[in-house]
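Shared between the two complexes below is subunit A, which pairs with subunit B and subunit C, respectively.
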Partner chain A sequence: MSDLLFQSPLNKAELTSPGGNIGLTDESATTKILVRGQGPAVAYGQSKLLPNGTLICGSRPDEWTFLAGPGKSAEVQAGIDQSEATTIVDITHGRAMMRLFGPAATQALAKVCSIDLADDLTPDGAVFSASVAKVTCDLVRSDSQGIQAYLISCERSFGAYLISAVADAAQEFGLGVPAELSLH
Partner chain B sequence: MSSHRLPPQPGEVIDRSTVINFTWNGQPVIGLAGDTIASALAAQGVDVFSRSMKYHRHRGIMTADHWDPNLSLQVDDEPNVRAGTRLLAEGMQVSTQNVWPSLQHDVGVLNKAVGRFLSAGFYYKTFMKPKFLWDNVYQSVLRKFAPGGRVHWKTSTHGAYDKRYAHPDVLVAGGGPAGMAAALGAAQAGASVLLVEMAPELGGHLCWGNDAERAALDKLTTAVIAEANIEVMTRSTVTGRYDHNWVAVMQGDHPLAPERLVKARVGSLVVAPGLIERPLIFSGNDIPGVMLSGAARRLINLWAVKPGQRAVVLTANAEGDAAVKDLQAAGVEVVEVVDVRTGAMVASAVGKSRLQKVVLEDGRTIEADLLVTATGWTAPTSLLNMAGNRPVYDPQAARYFPENLPEEILTSGGIAGNGSTDELIAHGSATGVLAANRSLRLRHSRRAATARSRSPEGPAPEALTDTRTPLRREAHPECYRASTHGFVDYAEDVSSKDLIQAAGEGFDSIELMKRYTTVTMGPAQGKLETVNAAAVLAESRGMDLADIGTTVWRPPFAPISLGALAGRIFEPVRRSALQDWHEAHGATALLAGQWVRPDHYGDAVAEAQNVRNGVGIIDVTPLGKIDLQGPDVAKLLELVYVNRWESLKVGRVRYGAMVAEDGVVSDDGVTGRLSENHWLMTTTSSGAGAVWEMLEDWLQTGHPEWQVHVTPVTGGLTSINVAGPHSRQLLERLVSNVDLSSDAFPYFSVRQGTVADVPDCVIWRIGFTGELSFEVHVPSGHALAVWEALLAEGQDLGCAPFGVEAQRILRLEKGHYIVGQDTDGLSKAPTAGLGGLVKLDKTDTIGLPELRAAYQREDLPILVAVQPDDPTVLPEEAAQIVDGQTATILGRVTSSRHSPTLGRSICLAQVAPQLAAPGTVITVLMADGRRIPATVQEHHAHLDHQGARQRV
Partner chain C sequence: MIIVPCPHCGPRNSVDLRNCGEVVNRPNPDTATLTEWRTYLYLRENAAGWVSETWYCRAGCRRYFTIERNTVTNEIRDQS
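Up next, the complex of A and B:
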């Protein structure tokens, strides 16, 4: 399947601001594996980055989401300790995902998400679910080199709407938004 | 117009080097940067800014701030702009509201002649008879006299409104000395702070104070700006306080939006709004030239505007005394100081478009064009009222004070008491420290209880005790009304006479009086009027003011634009992976719930015929899909469906219907068993979310011992229905590892395989159209490839896409009902015709007792297929089925279409049980009033009720 072209609901969008204040990119092709039941030792609400680049997110009590590079479903699943009480579902195709990043990322997200995003309550690595522009989303605070970043994923069918809504929020901070992504 | 601009004043906020051009009622005018609209016009000698609502009396500046009832003006396309605080901008077109034909010559003034008919409660006494005049005469006339400006919504040019969330530890409402000090105290104690001030600048009364007060302001401002933990919003209002310190802020100083609603979840709320100066009731108290001491002092000190030439000052406090000094320094001749503290009082004011003379209680008449009053304060306790607090009146101080506040709300500044600048700052600072302590303790517990947060370092901060030195309650004369009557509510044109009349008519509680007379119901919402109204009521009833009570202030604290409440418009829509293709190929979009779907590609009838005769494909992705895994899935299905599931074999599919606890049909769909412990459930499109939540609910609360994991996969699997006599032939060209023959893959079976080189597809042999059909569920990232491959490989078979409308025709021909369209919120299982499916002998199924009861009843409506006797007549959906020529309703048409296959109209309908027998002729009442006969059919299916077409 890795030879097949992955069609993203976000059309591989890559939006940036001239000064690097904020950016928004399509991460929908990310391999996303949902594990329920008995899973890894990563607490609910927290995440852990493995040396191979896989990010394990404690999405809900007794529920984890493994995030890895595109096309790594089999590899990730092979690495999961499976027991009879464990359920594994590849949700790569079912979730749109975007990365909102930059020094203004938190301010932009605060326009569409009511969660307290302060560093102590939502530190780097925090995993949580919330409404983003009225869409139920899973979010991960995933900073890179000290720059704030959030992975935002939602049910795939909401993806096109959601990236428009998040881009609309980020426009205030300099994000260039093409007409086809305009919310209004 | 002559200039009333003073020479430079020490604390002025205007930039004399920057001239701003604008228009006033069409005439070009100039102002200065830093001017408000009102100050710029006053500097140009404008006395009359508006006409009053009912009597169209001349009105001028009274408070020169947000609460000024006379300064609601139209600015460009925006009505009701507060000219007392709105800063002047280049090119503004400012005009009066509610006048015709002009401010100077307003015919509305004729209302004065009928003023005796417009007294208290006239709304309830007039325009009642004759009733027929209401629509054509009364309404249209009243609308012409309606106050307020006009919204030019077709040509509106202002930007979109905005919204954001905030989570400050401490929110300080009010940016005066106490508020600024509270913000600093809280921030320095480690709290994040949001400081909100209504005026364009911080400082409160220090802004127009003396040298020492301005020096204190400079020091506070410098400190606030330097403090990184403080976010400042000016021209912004804390509009509401709700449960758990959810606080709404209307931000007015944002550069990108005219207004932004900030929804703040606050640890501690510090209420420090200062005090609002209260007018005195006397005859002529609304004449232009009569203004409050704060207005005069602001005009002089902030904007260097001389408010008049000859002034009488009525003073009961230090602010009035300070006004005397300011007026004298500005070159205004203060001809009389009437000191209430010595027993003196003003009796009335005389004038029309400008004050001409003032009559004193001692009988003297003084010529003057300015009367400045300083007779007391109203404590704006709105935010405290919203927290359930009822302020208590203190007759010694002649104002209300809050008492017994909840821990998460603190007060400081004038609302809490009196003090010197240093005392206010000290109290504010201590309040800020206390607020921070309470908030940080709360934050500590939140961090400890929040899964995503960083664990708190160390124990929670020790709780501080409230050791603040209370602010004083300075004695103040109780002066509310002179010996004459005057206006209490300027915005509503309600006078003290009106209130006394209302009390005499029996409306003698403050809440009843408010509603009857509309006093305090204007834009200021009682900030200027509440205490005076209560005082008049107390006087008329011979009671103490403390015993009268007050009206309850509710949100919003100040008027809000409806657009600001709407904010950004977020309307989520869902799109399948194929929706772009549909739109690129001419599909007409249909919004079905949140989903955007292809209704048709130009000719729905042709699309339906192509399915009957060849092969078509439709995107049915919105179909709900839920992945079920675990050894106890069958038990779950037995619980939620009305039929049996334990016996379903791997590779087989079964139709199931769900009912709620009341036996009403709630959802339906097919579920397939992919392997021993792996099932895939489908639901209706609209019911997918609710079914998922219901399954999780039962698993987490009803049967936590069952090993089942439920995962919604609706969007992850793009669903393509391949339907028509050639559907198997087409799929055989693309499916590489599944035998699609009828023997190997019989009707109601499911397989997993590869389609168009895309693995992990789920292929169902089911259908909704009545034709041989397969439903292919494709991982959505590859759905377009499969869709296009189907069209390409099926070209010689005539394969074409069909939309929702064609599907609706086909399913109705086949007689498949749709939950929610052919059933409703009262349709129990017998109505939907589920008799053979429902297993009443099961041990447990949701709604089982109600189902058993329902099947004992003989009065439930029945869903039947109906055909109009005239095949060309098509009843509308929801058309009533009636008893002959009577108005007795016996049912309704739930679905109707013209069938291209049968060449006639066909329907499903819910009918009373006595009409459900096949062959019964019923009467359908058409929208145009005709009553047409139609005949009940034997089966739901109008076509191929035995299923021969789909079982090949």
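Up next, the complex of A and C:
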């Protein structure tokens, strides 16, 4: 699986706003490894960044998702204690992923997601699953240099719709949305 | 809007969950009569008042859990 040429279901250039208020990028190439059973000591709803850049997300009560840079599947899997894990699956090709970032990211996401995105409930590093524009998604709050950012992933087949829906929500905050992504 | 208290995810909008209906006890398939099995599969009390229900956290932790909901007021109390 990891040897296949990755083709993003989104394949969109980075969308930005003129003032840097909000941005949306395709991050589907991110390596995504799903672990079920006995996993690392990362609680459901939390994440842990390893020194090598791998982000371990407690996706469900007995499920973890390892996120790393593109093409690092073998490296990430080699670092997992395989004696304890029940299932290890590379889901890189099966999931679309995008990053919504900027000072207005929280406001834009709140338009299409029913989760309370306040800092005390979903701080930097929070992991949660929820409906985003009525698509079941896994989300990670992954701030960068103090700027709010959310990694949003969903089943690959919903990716094209989801990026359009998120871009549509972000449009009122200044995001430039090309015609092919417009829902209107 | 109904706020449902998921034991893993906390309070959630009910659109993120699925109501699986009243809790019904499954009879022993080896000894149940056809009438008992049909009752288990298809018949419900549909009470106006407090009812034990199974909910599925569809968009969150993907776990099933039981709560009590008042079908008249939609008030919810945790049963766990």
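The rule is simple: the second predicted complex is superposed on the first by the 176 of 184 C-alpha atoms of A that agree within 3 Å, B and C clash if a C-alpha of one lies under 4 Å from a C-alpha of the other, contacts with A are read in each partner's own complex, and residues count from 1 in each chain.
As a convention for this text, contacts are C-beta pairs under 8 Å (C-beta built on N, C-alpha and C of every residue); 3 or more make two chains touch, one makes a residue touch a chain.
A quick note: this is a predicted structure, and the numbers were derived from the prediction, not measured.
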Partner contacting more residues of subunit A (subunit B vs subunit C): B
Partner chain(s) touched by A:4 [first = subunit B, second = subunit C, both, neither]: first
Partner chain in contact with A:27 - subunit B first, subunit C second, else both or neither: neither
Which of subunit B and subunit C A:161 touches, first, second, both or neither: first
First (subunit B), second (subunit C), both or neither touched by A:114: both
Which of subunit B and subunit C A:128 touches, first, second, both or neither: both
Subunit A residues contacted in one complex by subunit B, in the other by subunit C: 44-45, 114, 128
Subunit B partner contacts - residues on subunit A that touch it in the complex: 1, 4-9, 28-29, 34, 36-37, 43-46, 58, 84-85, 87, 89-95, 110-123, 126-128, 133-135, 141, 155-162, 165, 168, 172, 183-184
Parts of subunit A lying in touch with subunit C, wherever the complex brings them together: 44-45, 60-61, 114, 128-131, 136-137
Contacting residues of subunit C [partner subunit A, same complex]: 8-9, 12-13, 15-16, 58-63
Parts of subunit B lying in touch with subunit A, wherever the complex brings them together: 160, 162-167, 192, 256, 263, 265, 443, 446-447, 450-454, 456, 568-577, 595, 621-622, 627, 629-631, 707, 709, 711-717, 757-760, 779-785
